[in-house]
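Heads up, the next two complexes both have subunit A, just with different partners, subunit B and then subunit C.
== the complex of A and B ==
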């Protein structure tokens, strides 16, 4: 059997890193990306700075794309999707479709790097007036404002004097169905709180939270500085509702550590929305026969010792396709997926 | 006198005044190393002996300062800060805060600004302050006699009469000061008076207890004059 290429579905950070690793080790990768550009969600959602080091997100994605563009071992198919798959580990046949044509490609292994989508605060029930009040936005909306270096209230174009984040919107919530922690929103909110204070030094910033999950160096690199250098106020207690009051908003909740109810006026409310499996992740799981967990993320089968194996032999998943992941997680699991996919291809060649 | 139902034990003041007091605490050079950020974890309150007996929480004081809650900070400055025994058990904070140190600063600002709470808190200690400041040394256990501290209650008499028995109940040696506390070198006293004067301690005393200030002033000015210093405490 000839040495077949490895299919990488998704051209975000995980997909790009997987392809880079495959190519660097002298194997062939075919990257299929639905959008017309590489970069995935950081690029498409207009992220400004990465957590926790404030590196320019756009530049980071460009650097990752440049590492595979023009590499003879990487074929990049933009504006394309995988619509069907057959075969088994070592020899799959997949149908790749773009706007005009569809063709069948033989691949030895598959890496699903199809990522996540941001939780929609209006998905089931109207939460915190996101679709009702202009000044209630999400982390993603704020990220785009920070990208433009223009922090103003959508309702009137004025710089906010009081802004709060509400954590765990669409995460850790049995009512919503997303029982998991989305892992990155605490760090992103802390990072953004610093950026807000830098852009609008007169704006008081509050973070209403259940737990602040600042694992590893996020603790001392973003959480502590946000409190100690930028005077961001962290209040343990999740807002129950956001109401309109005059020209502004009123946030109701409990200040649990002070043991008192809380009703505080705000100019802007930022909902720290979590992660859900993207449409691509759901579709690819079906096409490749990978079991999904109860939240529809692709299930990995071997726990902590193998973060990329799925229930379909020869099909690996990495990045946020398997569950909430930050950039570091995604890059690491992409490399692991590349290694295991290469091993699958090598075994197929050796067996023939 | 009209019935006051506010429940407040202290005088309310305009927001700007509360802010001024808060800023005065923050301006102290020690503030930055006494307060970083607060996890609101409660380790300080759990370690605090006063918190076991009073409605007192060093955690709430630290978090109030960290949150820059000017209103609540004023409440604590008038009330809770006087429940602290300044033992610094709270210094075990994982963020390396010192709630006790913060309370020191709050007390100092309360005293310097003559807050009623400061006057009230210090009221019962006038003679102790007088003893320490005029002699430069501590109050030893045998000085706590009923005739010297009549307003401290009947137990002062009981304790004074059986001092040895009471003191044997305390694990550390506490009677060793009964000899040393009565005598202080003249040069030491002179230097201490100059320190009280130059560092503004006497100004603080004047702010909270005019009577005590006047008695101390007489003693100190006379002593310093004898030693060849021309110092006025006014």
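== the complex of A and C ==
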């Protein structure tokens, strides 16, 4: 059997890293990306700076793309989707469709790097008035403002004097169906709180939280500086409702460390929305026959000891396709997926 | 008619009332049209936090992330409602620390800093904010009196500076004055309470006898000595501290002092940590550290047959790391059985005297259920000890009062470690 290429579905950070790894080891990768550019969510959602190191998101994604563009071992198919797959580990046949054509490609292994989508705060609950009040926005909306270096209230174009983050929106919630912690929102909110204070030094910033989940170095690299150097106020207890008050907003909740209700005026409210499986993740799971967990992320099968194997032999998943993941997780699991996919291809060649 | 300003929970500024209103022919003037503006239940006041942080030494106040480890180990909280985490939150929600009673309750015992993962340093924060409050004139009256006494007489008790060495007349063992002796290996810095307070003097007499028995070449400053002023400094009177320090340093220089023996752990703290910045170049040793190594030379023969519990002074233990010397002393006294209290060594409970607390009993009584010294005495009684041994001059008087006020007179004696030593040396 000839040595077949490895299919990488998704051109975000995880997909690009997987393809880079495959090519660097001398194997062939075919990257299929639905959008017309590489870069994935950081690029498409207009991220400003990466968490936790404040690296320019656009620059970082360009650098990752440049590492595979023009590499003879990597074939990049933009504006394309996988619509069907057959075969088994070592010898799959997949149908790749773009706007004009569809063709069938033989691949030896598959890496699904189809990522996540941001929770839509209007999906299940209207409690925070995301679709009612212009000045209630999400982390993603704020990220775009920070990217433009223009922090203003959407309602009136003025710089906010008081801005708060409400954590865990769409995460850790049985009723919504997302029982998991989305892992990155605490860090992103802390990072953004610093950027808000840098952009608008007179703006008071508050973070209402259940518990701040600042993994590893995020604690000392973003959480502590936000409080110690940027005077961001952390208040334990997430708000329950946002109401209109005058031309501003009234945030109501309970301050749990004080054991009393709180009702505080704000100019802007930022909802720290979590992660859900992207449409691509859901579709690819079906096409490749990978079991999904109860939240529709792609299930990995061997627990902590193998973070990329799926229930379909020869199909691996990495990044946020398997569950909430930060960039560091995604890059690491992409490398693991590349390694295991290569092993699958080598085994197929050896067996023939 | 109810006074609108006294309606429960309605702040006057929230009451909206039109003086003359006629509606549908009906006169609804004044209170008949009274409305209340919607209340903000409470707001956050980052500016009050930043005000504390802006003071030199106050910055770490803003580090608190509310883990609350400090509250259970705060000695004031055990008898009241206190602790750095709570103070942080009160300030974040509207309390001005500069004018709040919260400012004066901290004894700077350092047990909060010991457990604080963020190193919120109340030992820096409290004195720094207090210094500003003193400048603004918002200092509790009893503390103000002590500052004035110290400024005028060189001691917080308001005693005559000339009589600072009067206690030595009661001593059988000679206690030479540096003024006469001029030169000695060791300067014994006696400090205020051991010079003037009757029970402090008892300990001084015991120490004088021991030093003579050991043939130590020592002298005291007597009237040339002023309060080390560390507690006044921690209570916010930095200017006064510097004045006294300059005086004492001048005396040390005059007698070419190289080594100082202190009775008072607060003096130890000042001499080790503050005086060097003011030009002090000398070694300081607490008397327990000094004596612990020479216990076998004291000829202690009398079996005391007592059960003793020991109270670690905050400024000897947590602040300066000496936990073993007093215990070693006690262990070498014949017939002393040492039993520890639950809170001991690093987690020792504060007697309430530090950071100005020594002079704030009246003020504190409005804020705590019982004195810290009373809480500590109850802990000592619980061990079944006959004697509560101490080695800080604040403690003898505080604990003896607390023994009486808690109804334990006759059950528990309070003695300085050196008093027990002298008893065993044959009275």
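FYI, the second predicted complex is superposed on the first by the 351 of 352 C-alpha atoms of A that agree within 3 Å, B and C clash if a C-alpha of one lies under 4 Å from a C-alpha of the other, contacts with A are read in each partner's own complex, and residues count from 1 in each chain.
We adopt the following convention: contacts are C-beta pairs under 8 Å (C-beta built on N, C-alpha and C of every residue); 3 or more make two chains touch, one makes a residue touch a chain.
The model shown is predicted, which means the values in this text are computed figures rather than measured ones.
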Superposed partners subunit B and subunit C on subunit A - clash or fit: clash
Touch count on subunit A, higher of subunit B and subunit C: C
Which of subunit B and subunit C A:301 touches, first, second, both or neither: neither
First (subunit B), second (subunit C), both or neither touched by A:220: neither
Contacts of A:156 with subunit B and subunit C, given as first, second, both or neither: neither
Which of subunit B and subunit C A:88 touches, first, second, both or neither: neither
Partner chain in contact with A:265 - subunit B first, subunit C second, else both or neither: second
Partner chain in contact with A:235 - subunit B first, subunit C second, else both or neither: both
Clashing subunit C stretch [against subunit B; choices 26-34, 98-106 or 296-304]: 98-106
Subunit B and subunit C contact sites that coincide on subunit A, given as residue numbers: 224, 227-228, 231, 233-236, 257-258
Subunit A residues within the subunit C interface of the complex: 204, 206, 212, 223-224, 227-228, 231, 233-236, 245, 250, 255, 257-258, 260-265
Interface residues, subunit C side, partner subunit A - complex: 38-44, 46, 49-50, 53, 62-63, 65-66, 68, 85, 89, 92-93, 118
Complex contact set, residues of subunit B against subunit A: 36-38, 40, 59-60, 63, 66-68, 72, 95
Contact set on subunit A toward subunit B in their complex: 224, 227-228, 231, 233-236, 257-258
